[in-house]
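Note that chain A is present in both complexes that follow, paired respectively with chain B and with chain C.
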Partner chain A sequence: MDASYITPFVASIQNVFSTMLQLPVEIGEPTIKSNPHPEFDISGIIGMSGDVVGSVVLSFPTETAVSIVQLFTGMEIDAESDDFADAIGELVNMVSGGAKAAFPDNKRVSISCPSVVIGKGHRIAGQSDTPCVMIPCQTDCGEVVIEVAIKQVTAAAQAA
Partner chain B sequence: MDASYITPFVASIQNVFSTMLQLPVEIGEPTIKSNPHPEFDISGIIGMSGDVVGSVVLSFPTETAVSIVQLFTGMEIDAESDDFADAIGELVNMVSGGAKAAFPDNKRVSISCPSVVIGKGHRIAGQSDTPCVMIPCQTDCGEVVIEVAIKQVTAAAQAA
Partner chain C sequence: MRILLVDDSKTMRNIQKSVLSQLGYTDIEEACDGQDALSKVGAYAPEMLLVDWNMPNMDGLTFVKTYRKTDKTTPIIMVTTEAEKSRVIEAIKAGVNNYVVKPFTPDLLGQRIRETLDKTGAKAA
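Now for the complex of A and B:
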């Protein structure tokens, strides 16, 4: 995957977390995700399609997600509630929306509705034809990981 | 949600499962999903965007998913392997692709890359502004559930 599709996510999470949560984010070294996949408790997943097709996942341990949702909403919200899932979904939506606006060459990209996975120690696999880059993000609330698995669509594939 | 967006998924899962797996599917009564959400072990998630925005989830107990992947690939594949996630992702891709082709009024809809969640007893929440319809599907391999959470996009929202 082209690095020009990774830097927009780095800038976007830093922007969203600093403006919406007043939470600085320290970005670690991005790595290619491989099996066995790391385990998380809460993940927000959003799909991208258009000139670029793929998925973006924001994953958290429960404690980190609860702290971040509290910063975001100003309330302590139970991780089982619909409001909690809405907040996690809105965060992955904002991070993905901000990133796609900074993709190179004015790519036309649409994003789907987010889905939020709640389950201790779940793993998320993409498809093996689309490499996935994991970007570790350290915050005062704990570690958040963004996973970006996207590929450019060729003109031939779009016409199909 | 308009029922004309549900019937394409019913037809598509029956078509995909009968042609690819030779597995008849008996469709149960669709219901609106509510919290607490049901628990599953394996879920394939795909996003839709364009004139219709949303997400489609195909969820299984582990044993059912392993049997279905065996029918699909002709091999017994470990649920932890990349090939297993690829097979589940391809199934949700085919079911969603078949359904979107049958949406009313020739809607322009793109689908994203699938993500596959592996984790015993996980739950999946959408966003509370998008109602989610669960369609229970009984097969000889066990129960599969399709969840469809989609909404039509207004012209004003698309221009934004």
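Now for the complex of A and C:
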């Protein structure tokens, strides 16, 4: 995947976190995800379809997610509650929506409603034919990882 | 003023309610998607609507198109992550009066609400 499809996610998470949480984000070196897969406690997942297809995952350790949700909602919310999952889903929704608007060449892309996985030590597996880029993000609440596994749809594939 | 918030995220509805409350708007009804909103507009008769785009069951754009068949004038502000210019144009063509891209600051949402009420001549509070 071209870097011009990855950098929008960097700008978007910084924009979302600074605007909604007043939380600066320091971006680490993006890497291609490979085995062994990292494990997470909380993940928000969005699917993309249209000219670009794939998935975007925002993953957190539980403590980090709890702190971030508290900043976002202004309330302490239990990680097992529906409201907690709702807040995580809205964060990945905003990060993905902001990023897709900055894709090159005015790509037409739709995003799905978010899903949220809550479970200590889970792993996210993507499609085997789509490389996944992991973007580590450091905040005062702890580390957040964006996993971007997307690819452009060719004209031939769209016509088929 | 009666305001209907249409968003599948309770978190986002709470944030919008908080901003509206700071602006003096406290008569607020909530709907979790377009279908839910359509079932509420008759009885609640909103004087302004804030509508998300991506929602399950019925998305915001479909809701706006359906609602505009019977109500051409009540101000609608789309509040969404859909930031592409083409989407904004699509929403305006469907009958949206103003547009706020998430993430937003409370000041920006407040400004868009005031602008919308000024432009449409709706009563302020």
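Annotations for the structure displayed:
Here is the rule we use: the second predicted complex is superposed on the first by the 160 of 160 C-alpha atoms of A that agree within 3 Å, B and C clash if a C-alpha of one lies under 4 Å from a C-alpha of the other, contacts with A are read in each partner's own complex, and residues count from 1 in each chain.
The definition used in the following text is that a contact is a pair of C-beta atoms (placed from the backbone, for glycine too) under 8 Å apart; a residue touches a chain by one contact, two chains touch by 3 or more.
In this text the structure is predicted, and so the values were computed from the model without any measurement.
In the superposition on chain A, A:Met48 contacts chain B only, with no contact to chain C. Of the two partner chains placed by superposition, A:Pro131 touches none, neither chain B nor chain C.
In the superposition on chain A, contact is made by A:Ile111 with both chain B and chain C.
Of the two partner chains placed by superposition, only chain C is touched by A:Thr73; chain B is not.
Contacts of A:Asp86 after superposition: both chain B and chain C are touched. Touch criterion met: A:Arg123 reaches chain B, while chain C stays clear of it.
Look at A:Val16: by the touch rule set out above, it reaches chain C but stays clear of chain B. The partner of chain A that touches more of its residues, comparing chain B with chain C, is B. Shared-chain residue A:Ala101: touches chain C; no touch with chain B.
Under the contact criterion defined above, the residues of chain A that touch both chain B in one complex and chain C in the other are 82-83, 86, 89-90, 111-113.
By the touch criterion given at the top, residues 8-12, 14-15, 18, 54-56, 80-84, 86, 101-105 of chain C touch chain A in their complex. Remark: chain A residues 15-16, 19-20, 72-74, 82-83, 86-87, 89-90, 93-94, 96-98, 100-101, 106, 108, 111-113 touch chain C in the complex. Taken together, the chain B residues at the contact with chain A in this complex read 35-37, 39, 43, 45-50, 53-55, 57, 80-83, 85-86, 89-90, 110-128, 130, 149-151.
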